[in-house]
């Protein structure tokens, strides 16, 4: 048997898992696993032909169980997602080696479980990405769900609760998909992709609606789409630092991958577009788009309210997922490219941001935004990384987030969807406001007394962060590099491909060339710098070398407050939607509890003979009458 | 049902009537021993039903008296079956009575509700769980844990 | 060769009769005779299976050709369950040695013999006899724990089961009055003409309710939480794991061979759906392991009933797969519960004390929930694809209930897992954390290993399941194998 | 209220069952198997009493199962009651007439019991009926002298060996290459006491077993009656 490249990749990944499983307790284990991730990346790069030219590589493994054939293969879409997966795993793992690992063990963490869970996540994600039919897709899907549960739960305490909440949601989603799978199997007689495509052609709109709801809802749970988003932020935020970087970068995107594969590739956007919502003017696609937009807005504004850096970032992760879905649902060349490109971009800056926050936690021991401040003088490099990250997150030039968001906006305007555009812009506004809160409360303002002697993060953590920052900038400067992969992926799922260049995209309605944009931007910075320094009026002083209200400042006086940020805005918008989804969730829980109580009562207060008699009476009566 | 009550109907009424009495007795009695007795009655009905299945008009017991010309005999199989069923019933009743004796010794009551109550209490005590099912919090944390008030803000209590 | 199969019933009975006598002369011999008989039974069955068993056989007991005499019908399905009976009898063997051990072991042997009979017998009344034998042995073993609660629970179970028997007997009487035969194959032959009517349906329904008591059919399953909470864990494991499946097997055979009316399937479907709902929901709130498992077992059996109700035997593979899967998983879980009985909260932090036990719990839970590579997923997959293929809305309701119940199931199972892996609470730090160990853990590992092995060999296992199902579905094969012929002399 | 519902439901169920049963053809059963057995039983089993040939021949395994059930019930009752032996000596003894009558009846009942067992293949009766009479024979003195103890040891010996011999007779047939529980030693003198091959032996086993089983069950019940 000749191993294909995909076999090699999966074997490599499995080997990583085994290494983590068996020697994960040693201190060098982290480095070993990191090297193995690098090896996986190399194998993946050997498959780069997928990302540039398309095509597919099959695995030599195929199974047939109970008459269901299963196969695994990689195409451009899988390759694109796998690149992000392994890349973020490599950097997160690298970040975790050395200093962070030691402190984690000191705090009673189980590093073996951590490495194992990470490796398991990567392995299962690769299996999911490689799925060649709906059955293997579902298997991969469930594997990823449970692997994610392991990673989320391993911190114990609050994290376990968050993970329990996650797994309930995830399983509900999984069961929706399972049900959809069964319906598709009935319609097409098989779960092979081409059979499904032809079955969808002949499907009535009622059935297709049901399938779209089941699959959209099921996969949407993983993406954190409204109203299934409640689990995500606490689950990701409570995961140990590098783990949350990894999860935040890629985990939810598995939902997007599945939506791309099933809703876009198999069902086809055109078919979804033809599904009308009864009694209204909108169709299923509009519905998805609006769900995406609400997923952008609400979690983003929730993020603004967070007082914990990790939670703030995690809530943003949900909101950014909305942009990706929005772009894909618009489904023109620009939108599709924007949505997919945003997956890549988001992974880079989200990982960087989580790492920066983890570095801050590593040094200061807290991620509470009300207990930090002024760290820029102590941790300038981390500040740089965080700054680059939030520029990307906010979608401003010159970082890569700008490109993908620009593409999405452009497509919304091109397709004549001004309301969606407006809503997306509101989301971006919220993003900018909240990331300012993040960087301000951590790095700007007054340095706290207890952080007077804090040092910059160690190099083992710094290097991956800097690498990520470089990627954020470079792909912002030359978005053509990832756009090429995105283009191949788009072709795979049958979406139109934009006319891309190294610096951006060409289009009749408006082109973007980041090299020019950044050139102009930096020219502007240069002029500003020249003016600033040539004037020579500035003087560097210690932050306490100052006075306010006629008093000289001392270190024990708080002269700058960061809590209750944006109080007025919060007051304004807070009342609109406060807790409504939480109520829904609690309502369902209470309902289950109530029913459960009733059922227990049924068994407890059992008058068994009476039940028997009643049943016998009814069934016999049914026969006689 | 307008026709005269035929003998077969009487027999069927007897058999099914016994079952009915037994069932009603089991459901209605509040005393465990009476429940067992009702069970015995119901069993008798079922056995009668079974033996009726083999009855033939104008036939004799299935024992060969003369080899020359065997008379019409009733079906021997249900008779064998009912023999078995009766013995099975006896075994079960004996066991039931011995358990009843034990329960009476332990709880000094054979009231069905009281015995069930005390059984419930005893199970709960042995297993070490609170007994009342209506006022307790569910076991462990809920799968979707409520957010404690002090952390609600931090973990995001809106949407 | 195959005539030896009778020994799997006869030898345990012989052993049971002689055990109290033997115990008086030599304790050692008596102690080992039970396991020895069961091992021999396993060997007989394994040998038959390995020697290329493909065609079903019918064994006439007493040499009387069916339908006059009673026959054992042995197809792959029956053989599989017969093997499971001997094996589980061995695994759940009451090894404890005390004054009562002769009686307990004797009853266990009787239970095994009855279970074998249930798996193999091809005669309606004979099934009833073995069913009652299993019931009485169960009563004895359930009350053997000696607590007052056990006595009350047993008595309540006994009365319920007794009424069930009355109804079953009534149904048998109806069938015999109508057809004049009790042989299943013969009945299958006659059914299309004689039992395809209201009377046949009524007979089936009374039998269904009667046998449903053991098969944990809703709503005649109220004994389940009481008995499982008071009886020994091994007995509960045997009852939940095996005996319920055997009762199910009888209903399945009746449904397949004799009663083809759609109404029969519909009743089973409705009761199955209600069983799933009630069982899983009640388990969600259970505060201790055994009762949680009891309720979950009700739910699982409800799922099997749903599968059984599929028309034309479409759910056959699903029924067998779900039943076998539940057999393995629930037995394993009960074995874990042997040391982990009592309030679940008490188990906080047990994973540290017994990592293997906790890992097994997670493994079983994952399989029960239907996590893909594990066998539970395939069983559920087969079921839902068949359910989705039905046009009748009730089946789709069943599908929806099934999926939702799975979510509830995962929620409560993993709540326990989270407790196992959690840190001990402050107030219970001083107390000893219950550990899973010894024989129970060993047995549980055995089941776990079986589960993993099946997951790895899923393709061949799936194929053989399909073959077994096809064989069990083949009515003509059944009739042809038994070939009940009335040579003459009919009136 | 619940009682009324129960009554109504039970009545309703009874009515339904009746309406179903009234569809049966009473008095003219199909007798598919029955008449075939009637025709073949004398040749195949050699028993004149066809019920016996059904019980011990055609459906012998039912009988074995039923013996096992009785055994299981006795063992279970022993398990339930056997934990604490309360002495029944405190109870008053029966009167002189009762005691004498008991002693007098004992041999008579034994004789009748064995008679019925041995003629099971010829006349109505058999192992079960005879066994019950045997049990009554043992039980009667017990009622007369509540303090007297049955010899449980020997009872359980009889129990065990009688049951075992039923199976062993069946296994013997297998050793000879026949089917399990196949009647052996078929002879041709129908209607004689010594006829019907192994059937009388089986019935003897059944009778002894039933007698021992019931006697031990009853004696257990009587001995544990006194509450602590």
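Here the chain labels run A, B, C and D in written order, and each chain numbers its own residues starting at 1.
By definition in this document, contacts are C-beta pairs under 8 Å (C-beta built on N, C-alpha and C of every residue); 3 or more make two chains touch, one makes a residue touch a chain.
Keep in mind the model is a prediction, meaning the values are calculated, not measured.
S.K.: Let me spell it out: compute each chain's centre from its C-alpha atoms, then which one is farthest from chain A's centre?
M.R.: Between chain A and the rest, the longest centre separation is with D.
S.K.: Select, from A-B and C-D, the pair of chains that is joined by more C-beta pairs in contact.
M.R.: C-D
S.K.: Based on mean C-alpha positions, which chain is nearest the centroid of every protein C-alpha shown?
M.R.: Located nearest the centre of all protein C-alpha atoms is chain C.
S.K.: When the centre of a chain is set as the mean of its C-alpha atoms, what distance in Å lies between chain A and chain B?
M.R.: Roughly 58 Å, centre to centre.
S.K.: Could you state the distance in Å from the CA-based centre of chain C to that of chain D?
M.R.: From the centre of chain C to the centre of chain D is 30 Å.
S.K.: Rounded to the nearest whole Å, what is the centre-to-centre distance of chain A and chain C, using the mean of the C-alpha atoms as each centre?
M.R.: Roughly 45 Å separates the two chain centres.
S.K.: Hey, how far is the Cα centre of chain B from the one of chain C, in Å?
M.R.: Averaging C-alpha atoms per chain gives centres 20 Å apart.
S.K.: Multi-chain contacts only, two chains or more: what residues does chain A have there?
M.R.: 164, 167-168, 593, 596-597, 600, 604, 607, 609-610, 613-614, 616, 620, 623-624
S.K.: For chain C, which residues are shared contacts with two or more other chains?
M.R.: Expected reply: 125, 129, 132, 136, 139-140, 143, 151, 156, 159, 163, 167, 170, 174, 177, 180, 182, 198, 202, 284-286, 411, 414-415, 418.
S.K.: When you check chain D against every other chain, which residues touch at least two of them?
M.R.: 6, 9-10, 13, 16-17, 20-21, 24, 29, 31, 33-35, 37-38, 58-59, 62, 65-66, 69, 72-73, 76, 80
S.K.: By the document's touch definition, which label belongs to this structure's chain graph: line, ring, star, complete, or other?
M.R.: complete
S.K.: Quick check on the complex: what are the chain A residues that touch chain D?
M.R.: Counting only chain A, the residues touching chain D are 607, 610, 613-614, 616-617, 620-621, 623-624.
S.K.: Which residues, counting only chain C, touch chain D once they are in their complex?
M.R.: Residue list for chain C touching chain D: 3, 6, 9-10, 13-14, 16-21, 24, 59-64, 67-70, 100, 103-104, 106-107, 110, 113-114, 117, 125-126, 129-130, 132-133, 136-137, 139-141, 143-144, 146, 151, 170, 174, 177-183, 186, 190, 198-199, 202, 486-491.
S.K.: With touch defined as at the start, can you tell me which chain C residues reach chain A in the complex?
M.R.: 156, 159-160, 163-164, 167, 198, 201-202, 205-206, 208-209, 213, 219-220, 222-225, 263, 267, 271, 277-279, 281-282, 284-286, 295, 317, 366, 369-373, 377-378, 380-382, 384-385, 387-389, 399-400, 403-404, 406-408, 410-411, 414-415, 418, 421-423, 458-459, 462, 465-466
S.K.: Show me the residue ranges of chain D that touch chain A in the complex, using the header's touch definition.
M.R.: Per the stated touch rule, the residues are 2, 5-6, 9-10, 12-13, 16-17, 19-20.
S.K.: With touch defined as at the start, can you tell me which chain B residues reach chain A in the complex?
M.R.: Touch residues, chain B against chain A: 23, 26-27, 35, 120, 133-134, 138, 141-147, 153-159.
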